[in-house]
Structures are given as C-alpha cells and as structure tokens.
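Here come two complexes built around chain A, the first alongside chain B, the second alongside chain C.
Entry: the complex of A and B
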C-alpha cells in the first residue's frame, strides 16, 4: 500500500485527486474479481491516443462473475471516443478473439466521479477461473500543447497526463505501462520507480499488488509535430439515385487544434525551408475514398480549390487535398468535398425485398478527429420506412429534402455522433422500401412539360384570336 | 408568322383540293420560317455557349471587382427578402461611415437574378444562387440577339435582323462585358437598352400606344439596371428633335414619345438611386425640353388647322416660338440659379469634353476603362464591323425612314462616346452590329439578286452565251454578263471569307482576352502544365476564417468589394468611390512612413492591412505599382 509517488510537475488538481484516491474504500463488487496481470500500451504517435490494455482477470468470489468493470477518470471519460473489448478464446496457436459488449454504467458512490464501463463476458467466470481481455480505447483532445503558442519555426511540444497505475475497482496484482512517443525528443517525464526510457518508449512498472483505485499521476512532455487535424463539424450527405449513382457531399470545418500560431506567417520561409518552418502545420490531408470514385470536387464558399490530387486504383482511391493556406495552430478552414460512386457497389437488396445501403461511417481523412459527425442519407423520392443499423450508438431523426424536380420531397435519415475517430469507419446499413415506378416520375413530368409547351405552340399558331376580321 | 400559316389551315377545312395546291405554294414560306427560326435558335445557343470559355477553363465563379458587390447584394436579397434589401444599411463597407445600399445602387441586376433564382427554385431546380449569377450575363446576351433580330427586322428586313443577331452574338465588344461570371449591370443593361430602342422605334413606326407603353416599361427596367440610361433619355429626345427639324413630325411620333417619356419618367422615379433626377438634373432636361416642344408643335399644328390662313399663322408662329423659347430659357435659368436643377455631373462633362476628367476629377481619369479609346481596341472589339459600319450608314441614308434615322443617330452618337471612353464601346456595339448587318444583308441580297437574274438570262439563252461568247462579238451587255457573274461570285466569296474571319477573330478574342476571371491567374509551367495562382482567394479566405468577425481590413479600394464578398470582413474603402476624402486618407496611410501610417490606421480603427505584392511571382499590377 505504498502511496503513489507524486511527480515534480503535478498540477494541484491532479494531486488532490491522487490524495483523495487513497481514502477510497473498495467497492463491494471489487472483492469478487482481481486482476492478475494488466499491461497497457499507450500510443502517443499522433493526436489520437490509442491505448491497448490487456487484462487477465480472475474470479475470486463465491458467485460466478458475468460482468467486469472498467474505470476511467472523468477527464478521460469525456474524451473517450471508442472502447472495444475482445476476449481471447483458446490456447496459444488456436487463439481467437471474440468481441464483447461494452456499456457505460453508473455505479453508486463512485469515487471522484469515476466513470465505468461494464464488459459483459460470454461465459460467467466461476470461482477461480481466469479470462484474458483485450481492451482498446481511444482518447481525443487529450494532449495539451505546451508552450501553448509557438511561432512558425518552432516545433510543437505537448503534455500527456495519465496515471502510472491502472485505475481499476479491482485489486491489481501486477501491471506495466508502455508509452510510445512519436520521436525520441522527450522533454521530461514523471518518474515512478521503476521507470525506464528506451528510444521512443517509456516503461512504467512492473508494479505489484496495488489496491483498488490506486492512482499515480504522471506527465510526459514530448515533441509531437503531427498536425492536429480536428474536424469540428462534418456533414456527410449521401444521396441515393436509383439511376445508378451515389452522390456524396461532405462539408468540413477543419481546425488545427495544436499549439496556437504566434507572430507572423512568412510564405517565403515556409516554402523555401519546409523541413524547419511550420513543421506542425497541416500542409495536406489524405482521404481514402472507395474505389471507382468519379466526379470528385473540392471547393469552398468562394470557389474551387485547385490544389488537390486524386489517385485511383482497383482497391481504393486516394484524394490528397491541400487547404487554401497551410493551417497553423488555431487556424480554421471550411471546405466541401464531393464525389460520385457507382450504385451497385453500395446498394443491395435484402432477402425480404427491402433495399439497403451499405456505406462506411466516419470521416475518410486519415488521422482526423471529428467532433460532431452528421450523416444524412437522402433516400430517393417515394421510399418508405427507413431504418438504420449502426454498430454503435448514434442519434437518429428524419428530415425532408427537396432536390431537382421533387414534388413530395425526399426522406432524409439523419445520423449524428460526437467524437468520431478513424476506427469508426465501419460499415453501417440503411434499410428502406422503394417502388421502382417512382423512378419514372421525373422523366414523365419533364416529357409532359415539353409536350404541353409544344401543344401550346401549335395551338398558338393555329388559333386566331384577333378581334378584327 | 401566325398570319402566314393561317390561310392554309382555314381553307383545308373547306376545300381540300384547293388546300393541296396552297400547301405547295406555302411550302417555301414555311421553309423560310423554319430556316429563320432554326437560325435564330442556333444564334441564341451560340451567344450563350461562346461566353462559357471562362467556366470551362477556370470554374463557375464571379469575375473582377464590381461583380462581387453585385453577387453579395444578390445573396443578401435572396436570403433576406426584398424589403430588407431595399432598406439595407451596410456597415461592412466604408467603415466608419457605412453605406446605404438600397439607396445607392441600381437594383435591376440583383432583382433579375433573384427572380430567375426563385423561378428555378419554384420549379424545383435546386441551383445555387452563384450559378444563376454567373450565367445571368450570357443568358441576357442570348436574349439580346433576339432583340437585335427584331430590331433589324424593324429597321430593314428579316435578313438584316438575322445577320444582326449573328453579329451581336459573338461581337467581342459585347462579349467583353457579358462572359459567364461577369455579373455586372452592363450584362442586363445592354439587353434593356436595345429593347427600349427597339420598342420605341416600333412605337414610332406604328404609332401604337401599346408599343410605347412597352418601351416605357423597358426604359424603367434599364433605369433600374444601369446608370447608362442617361444615354437613352438624351438620345431619344435628340432623335425626336432631328425628326422635327427634318419635317418628319407625325402623330405617331407624338404618341410614342409622350407616352414613353411621361410613363418612363414616372416609373424611373421609383428607383431610389435615381429619384427625382428626371425633373431636377441637368442631364435629363433635354428630354423635358423636347417634351414641351412636342406640345408646342402639336398646338401649332392645331392652330394652323384652325386658322387656315398662312399669313396669320406666320405671325402667330413667330409670337409663339419667341414666347416658348423665352419661357423655356427663363425657366431653365431660374431653375439652375435657384439650385433646383442640378448642374451636369463630372462624368457627363467628361463625356462631352474628353479632357475634362483629367483636369477636374482625377479619380475618374485614373480608372483604365475611362481612358480614351485607342484605335487598336476599336479594331480588336469590332474587327470587320468597323469597315462595314460606314457601308451600312450609306445604305441607311439611301433608304431613309424614321427607323433608319434612329439607327444612324444611335450609331453616330455612340461611336463618338466609344471614342471618348473605352468602356462605352459596349454601348456602341449593338448599333455597330445593326448597321453592319444592314450593310452585309443589303450587299449580299443585291449580289444574289444579280446572280439570279443573270442565271435566268443565261437559262433562256444558254446556247448563245456559251458557244457564241468567243466567236460573235455581240453587244457589250451580253459580253459583260459572264464577267459580272464572276465578280459577283468573287464578291460573295469575299464577303463570306470576311465573315468567317470575323467569327474566328471573335472566338480567339473571347478565349484569349475576355475569359479570365482576374482573380485566379493561370500561367504555363516549365513543362507545359498549367500553374494556377490563387493567392487572392487564399488571402480572402484566410481573412474569412481566421480573423474576428468584426475585424476591419484596410486595403486599396480596388479590393474592397472582394474583401467584403469573399472575406466577409469590414473594409475602409471599396470600389464604390463615393467619398474621395476617405480614399485619400487610405492612400496617404498606404504611402506614408510606417510610424505616420500607423497613426492614421489607428484613427481609422484598422485591424488588418491587405497589401498585394507581386515581386515573387512577377505580377505587375500590385500595390507597389499604384
């Protein structure tokens, strides 16, 4: 029960948290499970933090355990974008991973506002049984730039705050934490013995026999020149046309969320010394689009942006765009990307006769965080009963949209999700019923309009409406 | 057209046999109609697509400087509605003075674009307002070709109308102001100008109140669209005056002018920017004078009719004329002296006297499009029309009528103004096209007539002509005929060659000179690839995204409209150069030493300064060059 070693650079809030955590009495459920071994690998190479946690849990109570709790400090829980758990099944060679269900839960008298997630195990653990769980969770907006303002020629350094010990409601017998930094340039880090540093990796631990809710704050201050591309709001509009194509329009408002830019911006220096100047700025972004993409455009409110490249092959398409100006810390840019896709790649007919769209959720740009993502699926005019199947919780609602030659309007299914990371780029489905006769509505309308015009011309030329005879 | 076809159908019901005969007879007329309609349709389409070079080569965007202001106001109009637009006080320009937009602009263009936009929206065409704005000018250019056709038909014949439509469709002088993206007043104004003239001439020719009314409404549209309406309100009285002097006064003219003037004036007063100028400004007094003169003429005519005594009438005429002139002079003198009638503006003076602007209003003289025209640009913008113009004038004088007198006067006055100011080539273009069309049409018609009569002659005596040409030395008439035929063919070929040269020249000029948006610059790279310099929009977009929304940006006035439209930020001065002092202050800040300039900028509350420097890319028209 050694008190956590407090680092030299601790902020007061964190230290209070640490002290309070000593007073915590273990929760009742905690008695039934203990963690034999915990290994955390924290990947800090970009601004999206990925934590791989391997837990070996053992049931020590009398009753069978079917749920395991994961605990997060409130600050981390706010920035948690995604959490995935897999259970390792089988031995060594035949090891397979089975995804498990994870749900946020409220636990009464959680110390210091700790947030919990419940992992539902496939088979309840009987007393004395152990299971290995692989947890992946992703944090966004968790790197604080320090210094908060940098000039064009400086590199960007950030703070990462965490605990050397795993926050857990269970007793942890043995644990280790590895932190991977993008480069060897680490300004400082909190030492909690034993701590080692080898090139780009920091190693905390092993620590043995820690009580529940042990906490030992650490700070790592390191250089991270990856552009902090954050899309504050992304609206993706997927328009289905049964005439054979799918049109996607994506409205971005992009922000560089890294250290704010200070002083002037010199274009000459920026272009002549690209390796020193503006290293953390967003020069270009790469979007991975589906194969067979066509009619791609990239523009903003004031017109087309000519600096983009499209590479296509059979497997995928890559669109590389440059914003109008390089984005430095705190700068913003809004733009629109649009493209068309062949319909047969994405629209299918389900066995019950309904149609469904199978499309990828999330932002096509690599290594970007989307604060608020809205997907609007514009169904063709006359389609009914839309329903969406999304592998994670999203907000849904229906809208109406009027496009070319619409009379009754198109049904729009709107899906909204906050804090989206590239790992959310998984397919989702939208089911709806559609009668193909509606496809003919617009051509018939046009044809009859022209027919009426010609009829009117003929009538005009042949009817004598003059008063004089 | 309707009348042409009518008999055939009517008779078909009654007498089928006769109908067949008639049908054959009408065939050529129907063919002619079909050809005419299809030529007009092709010209209509051609006029539109010839102006799309810039869209294909760059993108669908607004060009230059002023169009950005028009675009911004149109956007405002479509978003906030007409009342908001009409009462709009814009605090984003001329900081800290602001600008009353509704009262200081010609709303015709914006309302037109907004109407097109709303119509398309009503029919569920989900277009963006920018596309509407970009394509407004080409659309109206197409409509202008139709008006030119009818105008040509009115003053000469339908052949001249067709040629006029074809000429004006691709004339560079007009294309320069109406390519896609050049969303400026002139785009719709030339249409309105020509329509007003056409309807007025039609009214004079027919004496119909309906045509005069239509002309008044067209004039109202022109007033709402462009300040160039002053040309109409001076040219039409001048024309009427000439008709009066040449003794061509008629009741038709009386009806046409009075209706058009009174209604046009009342309608024009509804435009806030114009207001009471029609009765208060010196530039509009000519029209009023002619109006009163018409009444005097009518009165005298009546008196003459009543008196029926030439001697008495002579005496009465003398008294009446003296009184009228005296009263008119006194009224004008009192009006001017009391300040009720404002004197002529500087721009008007500079038109009458080309050297005026240089001495008195340097800011007008400094704009490149206000410079006197060089010969080369006449040649550039008119090409062969410049040579056909005098020929057309000759034909017009040969067949004088009310209509041809009008087109001659329009041509001569506008040519003079085009010589004074480069940008007024635009006003001269329709007249030049019409007169040249008369020349082309009349020449070709005469030549083909000669060819046809010759063919008829040779058909009747073909054996004589071929075999006996060498051997028998007959009368010189017969001898000269084959020679004449060759000349005719040579002349026809020459005419077609000239016209085809004109077409290629127009295409070349359009694609090379008039289709660049001037916001985006394109150049050829070392490997023949296209390099695009998009620095303007980069800067404006940065301002839009990364400065506080109430930031004030100082720049030379050229960029004012673009900063407010694309950057969405407040500017100190812009292209609406209504306050010379303000411009001078900014100019001083721009050209003083830094510490001095800083003080001026502080006093103007400036947050950002936009300076264009072209030294790196070799862009010559930057701020250092000003």
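Entry: the complex of A and C
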C-alpha cells in the first residue's frame, strides 16, 4: 500500500496550519523546510543499535525556521533510549559542535501513528539558509532473533527491520544509508536499488528527490554473536555517611535477551570447543567502577560468588564477574554487588552552602541495557530539602530508611528511569542542606545511653529500700 | 581550583587510634567510679562527685564506641 500522497492532503493541511498559526507557532511543514542531504550510519555491531544521522536542512519558505521535526515510526519510537542532536558550527579547523535541545512533540494528523521530536535551533534559519545537524539516536530491543530458538552449537542470527528511505516530514533531495554488521556473515538483505555490499558494510543509496513520509521497508538478516546482556531490573542504593564513606549496593536481575536456548546444555561440549559451542552465551561481564574502590563483594542468594577479578588503577577500577553458569538465550541470573568509595571523591560543597553528591547514573557494566533502573540516594539523618539535577528526564520520589543509630530516619531520594543504555553513564547531582552540628547527634546518643546506665547504678546504690531500719 | 570536597571532620586514619585511646580512658574513669562506690559508705557519698565521674566516663565511652564502630567499617 503506497503511503498517502502529500499533494492531495496539502490544501486542507495548509488551511489548517494557517488557522493554527494564528493561535500558536506552527511546526514547519514540507513547504518551509527541505533536507538537502541526509546520511545515516547504522551501527549493528552490538545488540544496542546506534544510528548517526547527518542532516543538512535548508529553509525554503518565507518565514524564519527555528524548529526542525524528526519523525520515527511508532515501533522505533517505543524502543528509543536516547536521542542527542548537535549543530556543526564553523568550518574545517574551527569546527565546533553545540548540543541542541530535543523534545518529543505531538503533531495532529500524524500519518500511521508517526512519533515526532522537535529540535530547537540556536539561530532561526532565514529563507535560503542551510544548517548541518548531527543526530545520534540509540535503539534497544530492536534486533529480532531469527531463528527464535537455537541449540548450544548454533550461531545467533537476527533480523533488523528499517526503511531504506529516511522517514521525514520534509522533502529529501539526496540521501544514503550505511549499515554496519558485526561480521561478514549476512544471510540476506532486502535490495532497494541501488544497494551494495562490501564486507561488513551495506550501502543503500543514493536516493534522489523523495517525497515526505516516503518509507521503503527493508530487512537485514545477519549473524550477531554479541552477548545480548539485558538487566531487567537494577536497584542501586548509594548510602552517604558524613564520617567518610560512600557505600553502594546494587541488585541485578540479568537476562540473556537473544535467541532462546533449546535442547540440552552439555558442559563438556561447552568447555571443550569454546569457539563452536555457546558462541553467543554470556560468559563474563565487565563493570567499570571509580578508582579507590574498596570492600567489593559479589554474592547472590546462595552465598558468595568467587569467580570474579578486580583490577584497580589510579584512574579506574575494573570488576570482571562470571555468573555461576553461562547464560544462554532466555536464562536469568540474579546477584548483588556492593562496594565502598571514599567520600571526598564524590561529596562537594556548592557555592550557596548546600552539599551535593556528584555520582554517575546508569549501570557500571559495559554494553548492557537496563530495562528499569532505580537509584536510591540515602542521605544522612538531619539532611533537609533534597533535590536532584539529572541531565535527562527521570521520575523522582522520596522514601524513608531506618539504619544504624537512627531516630527520625534517613531521607531517601529515589530516581527511576526505563530503558537505560551505557550512554546514560553521565554524572548527576543530588543537593541537600546539612548542618554539621547534627553529626554530634550520634556520639551524644551513645554517651547518653552510657550515662543512663551510670545513673541507674547511682540510683541503685544510693536508694535505701530496706524495710528494717 | 575545582569544587570543594567534603571529608570527615576527624581524619579517617585517626579512627583506630582514637577509638582505643578514648575507650581506654573511659574504662579507667568507669573503674574509678565503681571504686568510689565500693569504698565509700552511704553517709559519706557525694552525689556531685558520682554524677561528674559518671558523666565523664559516659562521654569517653560514648565517643570511643562511635570511633570503634567507624574503625571497624560500620559507617554510621
């Protein structure tokens, strides 16, 4: 079924836009903006899909354009973990990149449920001006394993579904798409002329003069033996103690999200032929931790898991863990990792007198997707007005926790986010006010407990309760 | 000159030494308290002396037990 032609819908659309423009600033239509050149580079080497899109947009209408629309099919928009846009400023050696704000938008009359994002430009584009935008967006859970079930000795092959043409509400004069596969083993790919394949790169294009909302579905079936490590749920608890330490406890639920395992698991075959058996299984995971980490433990409900290595450095620490069993498709593992960090690396004083914790969001494991991430920052007793500054939208709420020597309980700031990728491992801050005199509350509580014992002794020894005089 | 880091008011390397010292002094004062109680008769006891000795002992024992908890890794 051909996508609806824009010509027949243009006249009523223009009148609707004219009406809307009286009330609100209308989003630029296909008459105001066109894309001169679009180059898409899709990186399929991992189970997390990274797409680098370079757009050269030109303003062709009469009004100045300050916003550009990006369109995504609804299935892609649901799996979108991160979208970042930069504008290229300057030429050649003086080239600099300025980050731009991207926000999801609702557009009325979106064809086939298309979802949109608006890029806010720094300087509005006047008529005839062009700008180059670099877009990076990351998709998770978008590679479908096919065959859906494999045995221990088979390789994992997946489908990648996309469009050879860039889905855009504007005219695209010229576009090309490059797809990079992890190996040269590509079972099949849809051909939309002109298509070429050279070792690990598939090239779709160049395509000239395409109308808005043109879409040409393609399927690439290729072999991807990267471990599809997905953490279904991660709860990270960061406990701050003003006496000098930060303690972190992380609860993981790990899942292998690739092709499901069928048949038996033979340990003999797995260990004797590692390059043939279980090539897509998760054997080990690497976590990048901050330097000067101490007291690291790795345990689960059974007890301590000793198959781990910790390598510390001046600049970073690396924890390599092996689960009790290798994870095949559909298999799960749950474990707890905890470690301590020195306080002065992470807690600082802000110029307005408040204290803030500077810590990194996200999962410390490399190349893992977290479906649901919860970070709980436990502030010491006596802290007031907690607030978090996070570079991307998260859900926040407050809880209370009772720990050592607590009377009123500790305030816990809970941050939740869904669909987290390694690019989210950026620092975030939690601000709170704390009067240092409250630190005396703990020793005074202990001292008064001892004093009560002494007074009980004094009372017992001095009070005369004998009946006989 | 980056942001000002916050550290503990007492240097962390002092925790074990401080805990041993304060608990030792606290126990000595506790001993003196109980010796006074045992050697003096009810008539001669001075409440003020009992209270001061008790307060001093509980102060040292309280702070000493806090540093003991910190030195053993329980960061309260």
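The rule is simple: the second predicted complex is superposed on the first by the 420 of 469 C-alpha atoms of A that agree within 3 Å, B and C clash if a C-alpha of one lies under 4 Å from a C-alpha of the other, contacts with A are read in each partner's own complex, and residues count from 1 in each chain.
Here is the rule we use: a residue touches a chain if its C-beta (ideal position, glycine included) is under 8 Å from a C-beta of that chain, and two chains touch if they have at least 3 such contacts.
These numbers come from a predicted model, not from an experiment.
Once the two complexes are overlaid on the shared chain, A:193 sits clear of chain B and of chain C alike. Contacts of A:334 after superposition: chain B is touched, whereas chain C is not reached.
Of the two partner chains placed around the shared chain by superposition, chain B is the only one that A:324 touches, whereas chain C remains out of contact.
In the superposed model, A:399 makes contact with neither chain B nor chain C.
Chain A has more of its residues touched by C than by the other of chain B and chain C.
Using the contact criterion defined above for the overlaid structures, shared-chain residue A:306 touches chain B, although it does not reach chain C. In the superposed model, A:268 makes contact with chain B only, not with chain C.
Once the two complexes are laid over each other on the shared chain, residue contacts for A:461 go to chain B and to chain C alike. Applying the stated contact rule after C-alpha superposition, one finds that A:407 touches chain B and leaves chain C untouched.
Residues 403-405, 461-462, 464 of chain A lie at the contact with chain B in one complex and at the contact with chain C in the other.
Residues 268, 300-307, 324-325, 330-334, 402-407, 460-462, 464 of chain A are the ones that touch chain B when the two sit in their complex. Of all residues in chain A, those touching chain C in their complex are 241-245, 247, 295, 343-345, 347-350, 355, 358, 403-405, 436, 439, 442-451, 453-455, 457-458, 461-462, 464. On chain C, the positions that touch chain A within their shared complex are 3-10, 12, 33-34, 37, 42, 45, 47, 50-51, 54-55, 57-59, 61-63, 65-66, 69-70, 73-76. Chain B meets chain A in the complex at residues 1-2, 5-6, 9, 58-59, 61, 123-126, 520, 532, 534, 537-538, 540-542, 544-546, 566, 616.
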